[in-house]
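Shared between the two complexes below is chain A, which pairs with chain B and chain C, respectively.
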Partner chain A sequence: MAALFDYSAQLLEGAALTLELAFTSLCFGLLLGLAGAAAKMSALSWLRQSAHLVSNILRGIPEFLILLICYFGLSNLINTHFAGTLTLSPFAGGVVALALVFGAYASEVFRGAFLAVPKGQLEAARSYGLSRWQIFWCVQLPQAWRICLPSLNNMWQNLLKDTSLVSIVGLEDMLRKANIAAQFTKQPFVFYAAVAVIYLLLLAVSNPAFAYFEKRANRGYASPA
Partner chain B sequence: MKKLVFSALTALTLISSAHAQQVVRIGTLADYAPFEYKDASGKLQGMEIEIGNKMCAAMKVTCQWVTMDFDALIPALKARQIDAVLAQMSRTAEREKSVDFSRIFTTAPVHLVAKKGSGISNQPATLRGKTVGVQTASTHESYFRNRLPTSSSGINVKVYQSLDSAWLDLESGRIQAVFADSTVAHDWLSKGGQKAGFALAGQAISDDAIFGAGTAIAVRKGDSQLKAQFDQAIVGVHKDGYFQAVNKRYFPFSILPQ
Partner chain C sequence: MDQLALLLSQSWPVLLDGLWISLQLLLLSCVLGFALAVPLAVARSSPRRWIALPSRLFMSAFRGTPLLVQIFILYYGLAQFEWVRDSALWLLVGDAFPCALLALTLNLAAYMAEDIRGGILGVPAGEKEAATAFGMSRLMVTWYIVVPRAIGISAPTLGNEIVLQLKSTALASTITVLDLTGVARRLSIESYTTDALLLAGLLYIVIAAVLSLLTRYGEARLNRHQLR
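Showing the complex of A and B:
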């Protein structure tokens, strides 16, 4: 246990990096997801088809491989074209990979949510003379948001845990820090248990946040009791 | 006079910027005590880090240590994210296809580790019917696959993703021996394995064709300048006694190449 105390600052540093990675990837992932969903529902058939193709490819490849391709593959590409003037940091590589995967799944979640908004609502909005932007912002988005929140919570939990994949490219997230400490002290269980507790704590904090969002989004709906 | 001093100064700054120290990014591990590991303050420590820093000083280059997984080292070297690898990497014919190696930096003796009094030694017959743990993709695994296949030797081999899990299984009795580098085996023994009744079993096992001549520093294929610099630095620390002095602080046996 003394070893755990010695390495606690390192573990917390790792936890901070884990959160930083997860939040950055979440922001870019949500934007990519929205853009993907918009492309999939576009009136242009070539845009629709290519969006589906890209998201199917991204969802079909293991995340670990996407990370390897993003980090090593992109670096190789950059190297051959810019000869060492540009480098991809491990953090950037990790965020690109995690955001791409998150975005690919989120595009389906958003698409489903927007499709679930009843057509009558749009027709009603249009007959009231609302502009396209007003329809999106005041009619479609609030209802789609409510529908996709539970799925987004699931995806966020997965994302937070998937961040541990980035240790392969040298980023020292929480799990990596635990591995390092365990290898040196030869006390693996102490560190793995500590990391499990920290992950649980992080999710214990994020769950009430999602519960609050859901409660807010459900204003005006009868509670399903 | 003033003008002369000024121009002399400018000349000096020009010279020093022209000779700005070359930066060498060395890829290594963060979890391979006692060669390279991070202490509780997050600082990189270990035998290869100490000697590596000394060599960088001798080479008059600025070294940046970059830690990553062992599997990522060679891809990172090829992708130019690092310039060299110093991580107890054995110089094998297989690896020489994709990278260039310096001269041998350390030997890497290999040992079986087993319970004291179990009768297990470096003689294969003592392992008949027993299970030995090895790390995946290691030279230790290929030794058993090539030299002592289960069908003829009667020795079962269990392959682990990391040596840490092999040690856990050895302690719990699921396997009867672990086959690994004597150096990391010594680290585990001294941090609890010995107390639990384990020891090196018999003599070191030698087989140059499988284990290679030792570990060396890897550089990108064709980077002959950096290879030459490291070769010279390695000869330096081997000759002036620095290697031996550090070696003694980490291990009770020598890993200086003969």
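Showing the complex of A and C:
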């Protein structure tokens, strides 16, 4: 247990990197998800079909394999085209892979949520003379947001857990710090258990956060009973 | 595409071996995980706290931490203790394949138990009352009425869990199990390309598609008494 104290600063540093990776991937993943949902609802059939195809492919491959493909594939690409001048960090590779996976799931959730916004809302907004951008930003997005929050909570928790995979390609996240500490102290159980507890805590914190978001997003609606 | 075909023609025996290991992990962990999930879900739904609490703790522990961390705890972590290495448990966690299987099973059991718990909550009260009125004991009501109905109700999510589990088996490669991902990683390191990884990805998609068809068929069969 004393060893755990010696390495606590290292572990916390790793936890900070884990969170940084998760939030960066979340931002890009949400953007990708929105773009994917837009493509899936596009009037162009080739765009619709290819968006469905891509998201189905991404959802059928193990996250770990996607990470390996992104990291090593992009590294190879960069090596052949910009030999020596650029390298891909594990962090960037992790963000690309995690954002792609998150975006693939998010596009389906967003599509469902946008379709669930009542049509009358759109017609009303249009007859008020709002521009398309205004309709999207002030009418559709807040209502779709409310509908997809519970699924987003699930997806965020999966994303946070998936960040642990990036330690395999060498990101100095919490799990890799625990690996290093375990090798030095010969107490692997202590460190891996500590990592598990930190993940439990991080996930436990996100539930109340989402409850708050949901309450805020639902403030225009009468609560049942 | 030509490169992938060439790779497939050259190294299909190893890829097939890897695929077989992945399927074994999937099948065994699904059967064992399901067998474990039913009692867990029943215990979790018990009104008595001392029965519900252990299964609740188990479920939140396994659902709240990454599978990779669970695998590392079982495979590397437990080896820290001498009493584990001297006990029968070592047969399970001392070797990579049984250890990966154990982690996948426990993880899936936690997720499936949560799904079945939802199903148990969804069993109509009238059916339980009718069974009690027929003179069934509480154990009989649970075993003959609640559990089968709960499994039927949660069948779609359980099927989904099986398809997701295929993706989880890829993590076995992190502790040296040569499953499909493990084989692909080795091939890709040997050839300095990502072709093998892409090929493995394709294989995963095909299996996932077959699995989702199978689970949809199973679901329809499980709820066939309701189809009109």
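The rule is simple: the second predicted complex is superposed on the first by the 223 of 225 C-alpha atoms of A that agree within 3 Å, B and C clash if a C-alpha of one lies under 4 Å from a C-alpha of the other, contacts with A are read in each partner's own complex, and residues count from 1 in each chain.
Please note the rule applied: a contact is a pair of C-beta atoms (placed from the backbone, for glycine too) under 8 Å apart; a residue touches a chain by one contact, two chains touch by 3 or more.
Everything numeric here is computed off the predicted structure, so don't read it as measured data.
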item	value
Superposed partners chain B and chain C on chain A - clash or fit	clash
Touched partner set for A:10, first chain B, second chain C, both or neither	first
Partner chain(s) touched by A:63 [first = chain B, second = chain C, both, neither]	second
Contacts of A:203 with chain B and chain C, given as first, second, both or neither	second
Touched partner set for A:72, first chain B, second chain C, both or neither	both
First (chain B), second (chain C), both or neither touched by A:87	first
Touched partner set for A:170, first chain B, second chain C, both or neither	first
Which superposed partner A:193 touches (first chain B, second chain C, both, neither)	second
Touched partner set for A:184, first chain B, second chain C, both or neither	first
Touched chain A residues, chain B compared with chain C	C
Chain C collision site on chain B, chosen from 164-172, 182-190, 218-226 or 236-244, when both complexes are overlaid on chain A	164-172
Shared chain A surface residues [contacts with chain B and with chain C]	68, 72, 76, 167-168, 179, 182, 186, 188
In the complex, chain A residues that touch chain B	6-7, 9-10, 13, 68, 72, 75-76, 79, 84, 87, 167-170, 172, 176, 179-186, 188
Of chain B, residues touching chain A in the complex	30-33, 37-42, 66-69, 71-72, 75-76, 78-81, 164, 167-168, 188, 191-192
Chain C-facing residues of chain A, complex	57, 60-66, 68-69, 72-73, 76, 161-165, 167-168, 175, 178-179, 182, 186-190, 192-193, 195-196, 199-200, 203-204
Of chain C, residues touching chain A in the complex	60-61, 64-70, 72-73, 76-81, 166-171, 173-174, 181, 184-185, 188, 192-194, 197-198, 200-201, 204-205, 208-209
